[in-house]
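Have a look at these structures, which come just after this line.
Shared chain: subunit A. Partners: subunit B in the first complex, subunit C in the second.
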Partner chain A sequence: MIKVRHKELALFSLKKILKLICLLVVVSIASFWLVEQAPIDPVKIYIGAMSVTPEQKAILEEYWGVNTPAREKYLNWVGNALRGDLGDSLIYRMPVSDVIKERFTASLALMASAWLLSGVIGFFLGIVAGMKNGTWIDKAIKTYCYILLATPTFWLALVMLLIFSVYLGWFPIGLGVPIAVAAQEVTLLDRLKHLILPTITLSLLGVATIAMFTREKLIEVMSSDYVLFAKARGEKGFGLVWRHGVRNVALPAITLQFLGFSELFGGAVLVEQVFSYPGLGQAAVEAGIRSDVPLLLGIVLISTMFVFIGNMMADLIYQFVDPRIKQQETRA
Partner chain B sequence: MSTSVALNGKGMLRGLNLRQRTILLISLMSLLLMTVLASSLYIDSSSLSTNFDSRNLAPSLEHPFGTDWMGRDMFARTLTGLGLSIMVGAFASAISTFVSVVLGLLSSMGRAADSFVSWLVDLFLSIPHLLLIILISIGLGGGATGVIIGVGLTHWTSLTRVVRAEIKQINTQDYIHISRNFGKSNWWIARKHILPHLVPQFLLGMILVFPHAILHEASVTFLGFGLSPHEPAIGIILSESMRYLAAGYWWLAFFPGMSLLIVVLAVDVIGENLGKIMDPRKAHE
Partner chain C sequence: MSVEMAMNNDDREGSEALLKVKDLSLSFFQYTSGLRQTELKIISNMSLEAYSGEVLAVVGSSGSGKSLLAHAILGILPSNSRLSGSMEYKGQSLTPEKKEELRGKEIALIPQSTTYLDPLMKVSEQVMGSSEKKDKEVMRKRQTEIFQRYNLKAAVGRMLPHELSGGMARRVLVSTALMSSAKLIIADEPTPGLDERSLDETLKYFKDMAKKGCAVILITHDIEAALKISDRIAIFYAGTILEEARIEDFRNDGEDLRHPYTRALWNALPQNRFQAIKGHQPMQDELNGGCVYFERCSIRTEHCSKDIPQLKRISGGLVRCNNVS
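Moving on to the complex of A and B:
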């Protein structure tokens, strides 16, 4: 039934890849320039509390390129980055790519589950509010969303921690895995247990935007002519909303959910910080505070790609999945 | 505090029409914000000082928000922090609005300028917002300046988009064509014909950006990039409270965050209702 238009899809991908390359070049130059402005001495951070001789210090300065001009330093960094080498992290003493790989996997588990959960709950609430437009249920959901949008993410995380970990003791207070257990002995259940509370917190915040959007859209659809016609045919209640409302609202809502990757990442940074969840966001904060420039730049690049993929998915849905747009194109 | 205001309002609201009610709501919320700001400026500094006789007290009549591990009154600290947040937020949203005024007018100058502006908007939206603020504030060497400029330089995107759309619409008007045929320059038209139309948009935009700015400032400060630990900012208070959560001192985290939430909601309500009054199509809802 669905005919994939191969040629158009290929053109679309080509355009997107070119756009991503341009974007990464500009973002890397801009962020490199920004951290270059900061009063950071990589040698001092690397040495830390170690004692070194002046000769060793000179070698380190040579290695970190303290005295090379910024342009040369940037070109070196890009050259290495193209070969997959993003340099070494100063605080983890590991290649940046390894740190990112490990941290991103952890963050992805958190973000993906929160993303799904908030999408489903938000969509459901939006549909209910839109169906019952003007009633007390609608008002309650609307108020709930307004309050949620004004809530500081990290404070909500703190309150969740207070209620469920400190007061009720249902969940561990923090960290991705239990303390004092060997890495091999950490079970999947342990990991899940440490994931639940951060996921719930992160998804609670995502609910508001999607619910408000779904509600508006559904009200719009329900006041259309074809719904009026369906009502005239005798359709009513949930069947009517399901057949004519949900189908029309679902696609824009999913698109919006994909466009929210930037906010999702920002939320993950804060939530990970509160729950000391060892994800990419926490690494970004560490890298920023302790001036780990290579790691910070690596995280900026990877998160830019993450946001880009979200936007691309939204575009893809809009251009290739929505049957109405396909129909318009074939007509034209 | 806020509930009593709402209850009093309900009785008074009966005799008023929608417009009067909206204006009353805006005034009440503005009064609330003014009170917070004024009391944060004139607060008795003795209540902020350490007092080791009254450490870690739970909320009571004397200390409505409790006291911290140094015996400081949390109510006084929260008020000062809120005042600081409001000022940082106001400053940052003023910067954001200024940037969107400049970029909005720039985009009306011609095709090339317009595509440059939309490219810039896309660029700023391509890095996760929080990470971008962190990057800018690191680049500026951190501290209060870093946060204010970081938050200010990243919140202009949505307003610029609104302004661009508005300008595109104004540009199709007859009087713009006539003006152009009279030989007026793009810059003259932007200043004399377009800018006056946009002033209400900018004022409203500034208020609507405000809550986002406050929340981002608090977040960045909470993460440790913003204001210095000596300042009683809400972000600092909450990040300090994290160390005492396991000990069960819930009031250290609960009340300051709740107050920030109320301030943000108040600004939101002002913005929404101002928008309703200013937009004749929405005024009847």
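Moving on to the complex of A and C:
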């Protein structure tokens, strides 16, 4: 079914890479400029409540480059970033790249499981609602979706935490690993236990979008000529939906799910914050609040790339996997 | 009543119609403004009979609801439609349950274009249709045979619908009907945009099906195509059948034709007089209870505007007109 067109694919990749570079440059300049405008004094943050002499302060200012012009600072940063050095995080006291690596792994587990879960459940609910269009099941699913869509993420996370962790005590209240356990003694099970509730919370939000989309799309497919013809040939019931409906809805639904990467990341920031889950989102909030500029810039870059990859996957499916798009291209 | 009589008087030697449609009316419910519902009549008091071994053409202009006739027979109308009248298949009443049982098995539809094929499914798989695992091999063999008969290469089976050329698509659609052992084949507008040669070839497929004993209903707007292969032609106008004539009746100046509209249609053909008549087919809201052809009729009388003429049998054909005998 899929005939990969190598030449076009190469051109596609090249274009995308160029776009990503441009995007990263623009995003980094914008973030850098914003940070520059912010009334942040790194020296003050570093000193905190310590008492220092003016001489010591001057040394620190020299060290942080407070009086270096912004452009020079940016170029320095870019130069180092190109060599793979994103600087040191102020709050974690270690290289930004290490912080990101550690945090991103944790976030990735959360986001990937939430992404899969919301995709599968949402698709399933959408198919059921679309099949039973107009019945009470459909109405129930629609109502559920509307409520979810109207629910703020952090609020939902708080409610989940209250019910399942505080009252029922089924899950740990927060963090990614148990408290007061040596790092080498943390088991996979421990990690999973801490992952479940944030994952469910995050996926619940994704479910609504994908379910509503799948439902709409299935209704459209079920009223198409080819489904009518399939009916005319004696196909019916679930067999009909499976043979023609699910196949035709799956591709656009997967595409949409990839396009949802940005919402996924945004949701993760809030969910991680509420659950104190040590992911990238939480680190971003920390970096923002405590003015950890190198870490903030590093996270901006990595999240930009993350969302970009999601969109690129959607484009890839759209242009290279779906034969109907090829059909339209040849017609045009 | 008169329909009943007319049809019983049929002089066909003892053969019973495979499909009888009597007084079929079809309407749709629509919400117009707010919650106000209106009924849109598409087909009214339509009757026709299809015989095994014959091609019956239903000729009418595009968008006049001919396709819905096919959907009504198959029982695949949308849920906001209302159907009345009676249908019989092999002498048995064609109930919705019966339709569901028969469609795809004894009654087959040949659709008009590739939009009726699933865009993501390989052609061969679609032609085979859905079948149980154990029957899969039998179906595959059958599909291969039919493709050979229609001069379709095995590679065509591996294509997706959008990769088919016009001629290929036509043959693929026709071959879907042959997969079943259908006795009644309804071809819905199977010839649009075909060149002379492909047209003749396609029409030949239908003629062949009739020769093998099927009853073929050819729904088309192309009267010339219909004239080439049909045994009988029913003229569909403003939701009903104005005349059903044998193919022999279409000759010379159309003096054997019964209805003024059929005659006008015949005389409008380029090879005949090439004369068009004025006016247009009335929309449902333009009808005023009289004959649907009243506005354009050359032989109308005052009586014609009062009520709809009954279908009556005149010299071996059916006609819905007061002023012919």
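The rule is short, and it goes like this: the second predicted complex is superposed on the first by the 315 of 332 C-alpha atoms of A that agree within 3 Å, B and C clash if a C-alpha of one lies under 4 Å from a C-alpha of the other, contacts with A are read in each partner's own complex, and residues count from 1 in each chain.
The definition used in the following text is that a residue touches a chain if its C-beta (ideal position, glycine included) is under 8 Å from a C-beta of that chain, and two chains touch if they have at least 3 such contacts.
Please read these numbers as outputs of a predicted model, since none were measured by experiment.
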Subunit C versus subunit B on the shared subunit A, clash or fit after superposition: fit
Contacts of A:A38 with subunit B and subunit C, given as first, second, both or neither: first
Touching partner for A:S118 - first (subunit B), second (subunit C), both, neither: neither
First (subunit B), second (subunit C), both or neither touched by A:D225: second
More subunit A residues in contact - subunit B or subunit C: B
Subunit B, subunit C and vertex subunit A (Cα centres) - angle in steps of 10°: 80
First, second, both or neither for A:L158, with subunit B first and subunit C second: first
Subunit B versus subunit C as contact partner of A:A150, first or second or both or neither: first
First, second, both or neither for A:R247, with subunit B first and subunit C second: second
Partner chain in contact with A:G239 - subunit B first, subunit C second, else both or neither: second
After superposition on chain A, the shortest CA separation from subunit B to subunit C (Å): 5
Doubly contacted subunit A residues - partners subunit C and subunit B: none
Parts of subunit A lying in touch with subunit C, wherever the complex brings them together: 1, 223-226, 228-236, 239-240, 243-244, 247-248, 251, 323-324, 326-327, 330
Subunit A to subunit B touching residues, read off their complex: 23, 26-27, 30-31, 33-35, 37-39, 146-147, 149-155, 158-159, 161-162, 166-167, 173, 261-263, 265-266, 269-270, 273-274, 284-285, 288-289, 291, 296, 299-300, 303-304, 306-308
Subunit C - residues contacting subunit A, complex: 71, 74, 76, 78, 100, 103-105, 108-109, 111, 113, 115-122, 129-130, 160, 162, 176, 180
Complex contact set, residues of subunit B against subunit A: 123, 125-131, 134-136, 138-141, 211, 215, 218-219, 222-225, 234, 238, 241-242, 245-246, 248, 250, 253-254, 257-258, 260-261, 264-265, 268
